[in-house]
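Heads up, the next two complexes both have subunit A, just with different partners, subunit B and then subunit C.
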Partner chain A sequence: MAKRIQCFALLIIIALAGCVKDNPGTTPLILLKSGGAFTADGSAVAPGGALRFGLSVSGGGGAITNLVVKRISDGVAVIEADKGMYISYGGLDTTLIYTRGYGQTERWVFSVMNSYRDTASVSLTVLKGAGSAWGEISHHQSIRIGLQENTSLPHFVDLHAGIAYDATGVTGHESEVDMAAFWYLTSGTSSPTLTCPAYSSALTYYPLFGSWSAKNQTMYDYYTSDNNLVTPAQFDLATNDSLLVNAYRPGSVSGQSKFAYTGKVVPFRTADGKYGLLRVIRADETPEGEMEIAVKIQK
Partner chain B sequence: MKIDVKIRKQNTLKPLIVKPFRFIISAILLLAAAAGVSAQGTITGRVTGGPEGRPLPDAAVILDGTRGVTTGSDGRFIIDRVSAGTHTLEARILGYTTRNVTVDVRDGATGTVSFRLEEEFIDAGAVIVTANRGASRIADVPARVTLISSAAVESRPVTTVDEMLSTVPGLNVSRSFGIFSHKSSVTMRGLSGNEQARVLVMIDGVPVNKSDGGSVNWNLIDPAMVDRIEVVKGPASSMYGSNAMGGAINVITRRPSGELSGKITAGYGTYNTFTGRISLGQNMNPGSDRGFYYLLNGFYRQSDGYITQSEFDQAANPYVVASDMLEYSASLKTGYNIRKGEFIEADFIAYNDRRGTGELVWQQHGNTTDHDTYQFRTRYSVERERLSADVSLFWLQEDYKKVNEYLKDDYTWYNVLSERLDAGLLSSVTWKAGSRHRLSAGTDLKAGSVDAADVYYTSTDIVYNRGRMLSAGLYIQDAFSIIHDRLTLTAGLRYDLSMFRDGAFYIDTPSAETVFMRNIENREMDNVTWGALSPRLALNYTPSEGTRIYLSAGRGFRPSVLDDLCRSGRIKGGFKLANADASPEYLANIEAGGDFTLSGKLRASLSAWYSRGRDFLYYVNTGDSIDMGYGLRPILVRTNIPLVEITGAEAELNWPVSPAVFLGAAYGYSYSVISDYRPLDAGDPIDLTGNHLTDVPTSTVSLTARWNNRFVNVGLVARYQGVMWVNDQNIFDEVVGSDRYPAYATVDIRLSRVFAEKVSVDLGVQNLPDTKFYDSKGAVCPGRFITLELGYRF
Partner chain C sequence: MKTRFALLMILPLVAVMISGCEKEKENPSVTLGAQANAAVPGFYSVSLDKTYTMSQAADNAGMIDIFCFYEAATGNNIALASPGSGIRDIFTGDDMPDNWGTKNTTYFFQTTLTATQFEAVQDGDALIETSFDTDNARKKAKDVQVGQVWAFRTQDGTYGLLLATAVTQGADGTVTFRVRTK
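Let's look at the complex of A and B:
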């Protein structure tokens, strides 16, 4: 009987000692790549000019979970990217492309965090170059698409070309599709919504996305939902990509879906990094309805 | 009825006389006389019972109604110095039929008598401790009380303790996924099924509702630890204060009293579910009123689980996985019997679990919940002829962790880490003053706190919330016997003081994930103090044995839980704002009921009640909305709405057809409606007046059957649950596909048998017809769930 008691006591001890303590990690490491292909610290770039930053990141014992890109232009900070990820092996090697703004000096800060919430940062300063380098844009004045249960209008939009495909015509063009739209009612709120093929919940409305091998991710700016930061008049006046680039405020939540009522102007960024503005000319609030949009996008 | 009477031959034996029918036991042991020995003999024996025929400790074995002993943990007893001649030997224990045997004792001889007691439904004469915080007969309690005896616990086909309550009329058990549910709740009397905070739950008299959300970790309680469960329906705040507004449930655990014994159980079931259980207990000085005792329990369960999502959701989300589970616990109860009716006791429970919620992206186990729970309790209890007292000190800590990860726009991973602590000192004294008064009084001091953080790993945010709730209560009650043993008037009053302190909600290093919450940060919430009186007045009339009528009126109260006071965040249907200004809610209740013997042993219990909830705590639309990154959502706040009315009735039939066969039926009805609603914002177009409370089944029906025979013992439970409204507005829900959850019916069965009094085999089948039902998120239940358990008693 004594052995029974001992065995039982041992089981109890094992059960109580079953807690596992996380191992502490070490600080991650982030390096800026150098060379002619990348923007160097102290270099001068004209407003609208392209900035290329090469990053090499290791997690320091933990997985890399977050990358933040901050632009500090004349002392005003804007979060350009705040991306969650989980890279447990091999580190992160990436090139980021941005557009030089109007500020006299732009300080760029790149921060990473690992799965132990240890962080590391690196920064560089880009001076203001002479002249202007704002780029050309394409303007698609009217694109009509159907919401999810609309059977007469096409659904899938190539924002670069301004073309809308229907379910048949999209075959072979899946990798060119940047946008679709649906309507839904949640908690009593009517929500005509912009989305993109990469958004997993879009499958609910467009099961066809499930069979696409290429599903583009278009990011829509959060703030346009609550504040008319870009007015239709400003949209009409834009002749280069200056407004397109500067209107996109990635410091706020930007997502692959964004609701958009009639009259809203929604900044966006496509999977290939092109900035654009999307003006909702008309958005019906039924699943059988339609949405008419105008688009300005970087060439 | 079956009676085993064994006689160990000592000398000469007289024939045994047994009357197996008419359920009356008699046996005669004839013990040979030895020449020259004094005219005394000895009787030894064993008392067993239940479907397993397990030994029954603490059973009273009484000789001629004047002299008795109690059985040890192995069910054995010995009575010596029995004078030669014919005697009556009676064995009795709560929850089993009492047996009488006629014994003829001869000089100098020892005879053996084995009692096999059959389960008995609980009659009005049973004693409970919950209603009056002291021992009372159910028949004397002017309220609807249900006692689930240890025998009933053994025969029920359940895997968790709360499931044992699913057949009690008026109770609403919410456990959508069986053992895979990471949370469950038990409410009653028409109160919403997702609001555990309105029903007090105790283990051995110690509250286990957490101050943070009022929730109870029902998984903490291993069914094997349970001796019996007492349920007091209707407001019990005059005794217990807050949380008991809707009623009180007390789970009473086993207490060892005999020699060293234990049991090992191993089980296997659907979805590759393994269960292991071991218990060991001993009274170091059995048969004495003094001495140490201890009871050790260990429990382990793991399962591969199943996919809860619909086929459509599985197609849309490549990260769907089975919701698996792992849990284990260990407990030690130890104590010292100082003298008869006086003991000091301490127990400790450690519990841990990890339950998957069905999605895995990058984390080792995906989305999971984890409860590390530790409960410590000490108790001193003394019972004298006229005075009894009970003091308990408790400490309950839950370290909760919830892993959230998903891949939508990009990868998001954050952990909810919450330390919930509750501690307190409870005391009660009962004094029988004269022949007519039974006075009770006591004080309760409790402190609860939450210290929580949502720690993001894919962004820099940490969202903190914390707060403390301190409470003190003082109660007094008098049960005045107007007509001795016939008419009793009970009057009680309790005053509670509740203090909310050190509330805070704030964000460190916010990013876009939480930026929308910046303007509702509050690092120093106002301290708030509330006071509440909870009166009760009740009459109990017992015109004859087996019949009684009661009438009761009382009021219960409950302040907001810490989660509503100091945490803002996403909830179903919107965004919840913390609100430290909400007043406590009150529930006034008037109730009438009675117990009647219809025919022979067929008994009926009826109750009807009407409740008015004033300042009812409810989620109310502020009229504002917020965009959390996926569209505008309404901002809700937990605040008081003027009036909720609940009307209900319960009926219960219990029919012990024979000691081997028991049939029971129960019906519960409730109608819960918002009678007066006042929007916070004048522009809010939503008017909830006339709407039904959510998660309240209008009707519940249960049928129970037990049949014990020499081949296999059978326990059968059939349940029907009526429709329940899904949301506050009583409107169509896109996920459920209706405005109401559909009604469903299910059947559970348990077959068991004991071999050689050592080895037990149990086969349990839950949800025999494989009924599929869904929760508010569209997740499906496990369906038919089969378990086979083998046990060995030593």
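Let's look at the complex of A and C:
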């Protein structure tokens, strides 16, 4: 009887082994688009100038799961973006916008991974152009919003236009909302906190985000904020986007920024790639309270 | 008894092996014959992924997006074009595309993609569309060579990439390619 069982088990193993699917053995494909709308390899762009990279990505038989953007400025590498995703059909076609820094040469490397953990990358080099091309900024001197339980002030901020919408008025403007704020205790510490529609835990305080088809992800540089690397005085003196771009440290960003106390300055980058600075003029530390901010953002 | 037991064990397993294993997705090639090739149909419907003889194509003119032809004197050699391309003096007879009531036009653009890169592209990928350069597209894919990847757009707005995998020159020649569409 034991021999029969062994025989049966062996046959099952053989049968199953025959059904194992081979790894398709293809790697993803990532291409940089060419043409006048995009920054070309070897082109010279002055510090502050806009860099536009068009990417076409195919998964190579697997879903696209990750996109990493790395800027290597005079040999110093900084991860500008590291995005998880799951794109199983249609590939990825996107345009990324960045701003040229001060380095003599910037090498940009774009890497993708698929669900088989196969990777592909493409790179280009952008030289330093003459002069500077720092751009104009918009300055919104005062935006007042309510924290999560405030019923009298609007909650949803369009950082580009400097407008805040209430729950009714935001209808039709969801894709323009970059920011909201709430207050909570984190490990016993009071924290007025900045968030954005795409940040998952924002739903705890603003369930309305769950019904939006467009949920922008604004990335806040919490390191610069926590360590007061930009002062309110520096914020006030900024007349172009140089400080906005250079203050932003892509290695220490999140869709949520805690401890946004009165006087804090928080660098941010919106979903459409605009750099900005947000100065907290006043932040209450109750759920019913309010926050008043000033914003400088690239035009 | 032992033989019966063995049969009882083996037969179901064989059935499982035959029916249970997922079939590999086929990725067939398309082969089109040039105008004097009587053995290989020369007309192709992208949407139906089907080849037609000229006679069949004339009856299904609205479905035909691409044909193969050969013309050495102009350097076209083995080339791909469409009924709406205005190419004349290649096909003859009542069924030739000149006489069709519906003549779809397909535009072609030779990409710089390699065969390996083509293999990474899947049907539906946005890259298929972005590989097509509208400004520099032409009504024919001239002198198709093995390994070339051509982007195309059919009359109905379907975008595609085709990788030429075999070419035989001559009026009775052929071109074989694989297709990805979006």
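In the analysis below, the second predicted complex is superposed on the first by the 244 of 299 C-alpha atoms of A that agree within 3 Å, B and C clash if a C-alpha of one lies under 4 Å from a C-alpha of the other, contacts with A are read in each partner's own complex, and residues count from 1 in each chain.
The definition used in the following text is that a contact is a pair of C-beta atoms (placed from the backbone, for glycine too) under 8 Å apart; a residue touches a chain by one contact, two chains touch by 3 or more.
All values reported here derive from a predicted model rather than from experimental measurement.
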Residue contacts with subunit A in the superposition, subunit B compared against subunit C: B
Touched partner set for A:Thr65, first subunit B, second subunit C, both or neither: first
A:Arg117 touches, of subunit B and subunit C: first, second, both or neither? first
First, second, both or neither for A:Ser201, with subunit B first and subunit C second: first
Partner chain(s) touched by A:Thr26 [first = subunit B, second = subunit C, both, neither]: second
First (subunit B), second (subunit C), both or neither touched by A:Asp82: first
Doubly contacted subunit A residues - partners subunit C and subunit B: 4, 8, 11-12, 15, 18-19
Contact footprint of subunit B on subunit A as seen in their complex: 1, 4-5, 8-9, 11-12, 15-16, 18-19, 63, 65-66, 68, 79, 82-86, 88, 113, 115, 117, 119, 184-189, 191, 193, 199-201, 203-204, 207, 210, 217, 219, 222, 225-226, 251-259
Residues of subunit B that touch subunit A when the two form their complex: 260, 262, 278, 280, 296, 298, 300, 312, 315-317, 328-330, 332, 350, 352, 361-362, 372, 407-413, 455, 457-460, 511-513, 515-516, 573-574, 625, 627-634, 686, 729, 731, 734, 794
Parts of subunit C lying in touch with subunit A, wherever the complex brings them together: 5-6, 9-10, 13, 16-17, 20-22, 117, 119-122, 124-127, 129-131, 182
Residues of subunit A touching subunit C in the complex: 4, 7-8, 11-12, 14-15, 18-19, 21, 26-29, 31, 33, 54, 56-61, 89-93, 120
